[in-house]
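Next come the structures, one after another.
In what comes next, chain A is part of two complexes: it sits with chain B in the first one and with chain C in the second one.
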Partner chain A sequence: MPISPGYLATLSTVVASYAIATLGLNITMGRAGQVNLGQAAFVGVGAMTSAILATRYDLPFWLCLPIAALISFAIGSLIGVVSIRLRHDFLAITTIGFNFIVIYVFLYYEVFGASYGIAGIPKPSIMGFKLRGFWYAGLSWAILGLAALLARYLDKSWMGIAFESIREDEEVSESIGISVRKFKILAFAVGAMYGGIAGSLLAHFKGYIVYSDFSFPYSIMILSMSIVGGIDTISGAIAGSLIVIMLPEIFRPLMEYRMVIYSALIILMLFLRPEGLLGRRSIVLEKVRAILVEGTRGES
Partner chain B sequence: MHTAILETKNITKYFGGIRALHNVSVRVEKGTVTGIIGPNGAGKTTLFKIIAGFLKPTTGVVLFEGERIDGRPPHIIALKGIAFTFQVPRGLPKMTILDNIVAALGAPLYRGVDFIRLRVSGDITSRAYEIARRVGLEDYVERLAEELPLGLQKRLEIARALALEPKLLMLDEPAAGMSVEEADELKELLRSLNKSGVTIMLIEHNVPFALDLSDYMYVLHYGEVLAEGKPEEVVADKKVIEAYLGAGYARG
Partner chain C sequence: MVSTEALLQHLVSGLTVGSIYAATALGLTIVYGLLKVLHIAHAAVYVIGGYAAYIAYTSTGSIVLAVAAAAVVPAVAGVVLARILYMPMLEKPRHIPLMLSIAAFLLIEELIANIFGHHPKGFHIEGVPTDPIDIGGITIRPSSLIVVPVTVLATIALWVAYNRTKMGIASQALVQDMEVAQALGVNMPFIVYVNFAIGSILAGIAGLLYAVHYGSISPYMGDVVAYKALVVIVLGGFGSIMGALVGGLILGVAEEVLTSYLGYILPREAYAFIVLILLLILRPQGLFGRAE
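Up next is the complex of A and B:
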């Protein structure tokens, strides 16, 4: 199968964008332990914000993206507030419900393009030079790189320990002075912000978005990326996105069944490799490390 | 000159129609060890949870250093200087012992929006090691909390509480499930902590353990204070012998 450069640029842009959304889910779910089955809704919030600002108000991409990130952060923190009183299973249902509500809002309000969607979202440009094709893919990977750096920084900040602590035991966290309320809100806000950045990138890349681009099955797709790659690592988010996007591309005839494949993948991974392919303490990583160590020993 | 670090005044707590505590007033003097004994279901843990902020009293107030703390969220109460250990040890299971201690050390340091700051690993880590040494966990710092045997998990509970540098340390059955030697070691640890100025309040089923450590004791029975006083007075109290200790204890 010949691969055209345009196709490759598209694929790599989509992989990078979804890797950002997955990074966000890894923070909310993997680090902080807050179930979120509606990450696609936050991608949608970012995409719609960016699309509206760019098409109605002619704002440049460089402003649309940070505003989309901020709005998603704000809406994420609202979901965080709702999450305070909910335990895992109810949180799962609530976030699914949130995904459906967002989709209906997009569908019923003209400003979000209703059933027609929003078209004509411009590509970003630098001093008159339009970023398209590989240039845009490069931009997406650069933003993914920054997003990964930020994720690493947050992990090493006090917030990283606080997130882990509330994931492990909320009462114990409170007993040692960690505000569970505050860090639950933050976990959703930061994760949603990543989703919003991914949405903004996707909107400006595709030039046209419609409500159904952010429906619940996309949340499951992002979840499968997270679980395949490893729910609490940065490299896992990128690997997961790559694998989950590439699989249906490689097996084109199975395209119609891709939701079944994603779901099966999630179940399989949870049974066989709950830590993900590149998660902490993952067998794949241990093997790679062992090979590298063996290799260096052989040389010396 | 005695001053109360903690006082509860007429605490009553209902769970639905069930009365768990009724007009419980206790006073913990600064620098002392106060023991609370009583049979299962007497309301001891409920009282602790109310003081720590995990439960709200139906009526009554809790004063810590003269300030009302009832109804405040637990993490605020923890930051004010009340540390609490759980009856059944609860570590942060998938985190290392060191991170467990660091989590407790950091909370007061990274308040407000400071959570965004990097953990200054050098200083905070060496303090965490110091605390691990103090409770005898120095050989386990890299292990996950869930891998520790029960006795050591109890120490982790205490380490985490110490990391808060509490003014008042509340221990819920610290000696439960421990061997005699382990309980003796714990006693020594608690004594030395008390000497260093930490006020201690403990719930115990192990009556000799509590008697040995406490300066003052309360006996809870069916959610009410049945007796209070110096340990030797309390164990000689007829009501206490009848309701809790049993005739055998008086003879023995």
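Up next is the complex of A and C:
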């Protein structure tokens, strides 16, 4: 397997970007318990926003990214509003439907590049210095770092507690004064915003995007990252993205079977480790915790 | 602008496509009634049916064997899926088996694509005429005359089996209350597998009908059906057999008509999903169902 610096830079950028998208899914689904099987659609919204702003209006990356985040946040809240009336499997198929509709809109309207896609999306630059290769990889990991910090901050705030509460029991949450509506909308909006940021990063990195980059199988890929890594933790999102991106790269002959691997991973994990490798209730962490607790408590 | 002839033409093509939707949705609706699982992998069973028939037909040239393969192989596949994916997950939140089902669907679809090739395969059955028939200005493809009646007959047969046989009554008892029915001696796993087998046979036959109508099969022919069958069972009301038939036909005709009169707003496939989301929000009990 050839390992060139360019290849490493590409891989690490892709891993970081998808880790951000997965982090968003972990907030919506893992923390707040709102099933979202259409995360790729939000990645697409962010990517298209960024691409259009950069190629048609010549806006710099530093403006495109926040606007992409805002637009995805807005679209995410729309889905959040819809989610108020739906639960579990009905919500799940609604998000699938949303993913399909978004793809058809991208495919059907010239603004989104229709079937040709949008090319010539510029790389960001700082005072004339173009960020490419490892510089761009560094930038995406820095943004992942910021995204993780924000996720941690939100999780420790009132919002994190409310999310956990509506995940466990909506009626009880409502009765103790948590606005289930507000937090369901927020859960989708924040998760979508992360998706949008990931999309913007990917768009400026690849320079060319087309509607099919955000189709439903990509949602399943992001889902497999979440389920493999751990559905409710930050470390889980990063580990999941790393594992899922690297697997077909390490085993090159399996490239053709990528979707097979992702789906098999989902099935295996749901049966064997539903909390993921690094989820909050994961066996790996429990073992570590058990050893530490044993150590301090003695033989009690 | 809307001529009667054009409308009738849309009706004929819509009913044909709608029949294929309905045939795949029948299995989905009885399974949903029993296990409350959205069995997306049913679409994989449909693809398996198409390929089983293709292999049987190309290697033996016998139509009877093709039909048998389109029934037996999917039936086995459906029961295996139920045993592996759903039975151990009955106590879990309903989105867990749904995710399993989607993953299984993509897994089987990609395996078929990798084994038999990503491109569609021509599949013409000899003896089925392909020249369109002209009746009063409306062109009807002979395949429509096979697809629609087969689906309608299959639906009626299923409905009768469901309401008149012991097995059907037992299934209905399980739908009503799984625990009480089991306490009264209904063998739950067995009835579930019989339902999966019957639903999967219908999906396999639908796969064959697809081949008859389009003259080809493709590993990705399940993509559209996988999620559209959901629209159909939401339209017809979850668990209703006649609802699935009517829902499928309505969806087929509505798509045909909407695409020809509003075709420039969105592509054909998008309408189904918009209808799905609107229905789930506004009338989750289906068009004909009563609110619980």
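Quick note on the criterion: the second predicted complex is superposed on the first by the 284 of 300 C-alpha atoms of A that agree within 3 Å, B and C clash if a C-alpha of one lies under 4 Å from a C-alpha of the other, contacts with A are read in each partner's own complex, and residues count from 1 in each chain.
Convention: contacts are C-beta pairs under 8 Å (C-beta built on N, C-alpha and C of every residue); 3 or more make two chains touch, one makes a residue touch a chain.
Nothing here was measured: the structure is a model prediction, and the numbers come from that model.
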Legend entry - More chain A residues in contact - chain B or chain C: C
Inset, instruction - Figure out whether A:Arg181 sits in contact with chain B (first) or chain C (second), or with both, or with neither. - result: first
Inset, instruction - State whether A:Val172 touches chain B only (first), chain C only (second), both chains, or neither. - result: first
Inset, instruction - Could you look at A:Ser4 and tell me whether it touches chain B, chain C, both or neither (first, second, both, neither)? - result: neither
Inset, instruction - Have a look at where A:Tyr108 lands relative to chain B and chain C in the superposition and call it first, second, both or neither. - result: second
Legend entry - Contact footprint of chain B on chain A as seen in their complex: 153-154, 156-162, 164-165, 167-169, 171-183, 186
Legend entry - Touching residues (chain side chain B, partner chain A) in the complex: 52-54, 73-75, 78-79, 83-84, 86, 90-95, 99, 102-104, 106-110, 114-119, 160-161, 163-164
Legend entry - Of all residues in chain C, those that touch chain A in their complex: 36, 38, 85, 88, 93-96, 98-100, 102-107, 109-111, 114, 227, 230, 266-267, 269-270, 273-274, 276-277, 280-281, 284
Legend entry - chain C partner contacts - residues on chain A that touch it in the complex: 35, 37, 82, 85-86, 88-94, 96-98, 100-101, 104-105, 107-108, 217, 220, 223-224, 227, 256-257, 259-260, 262-264, 266-267, 270-271, 274
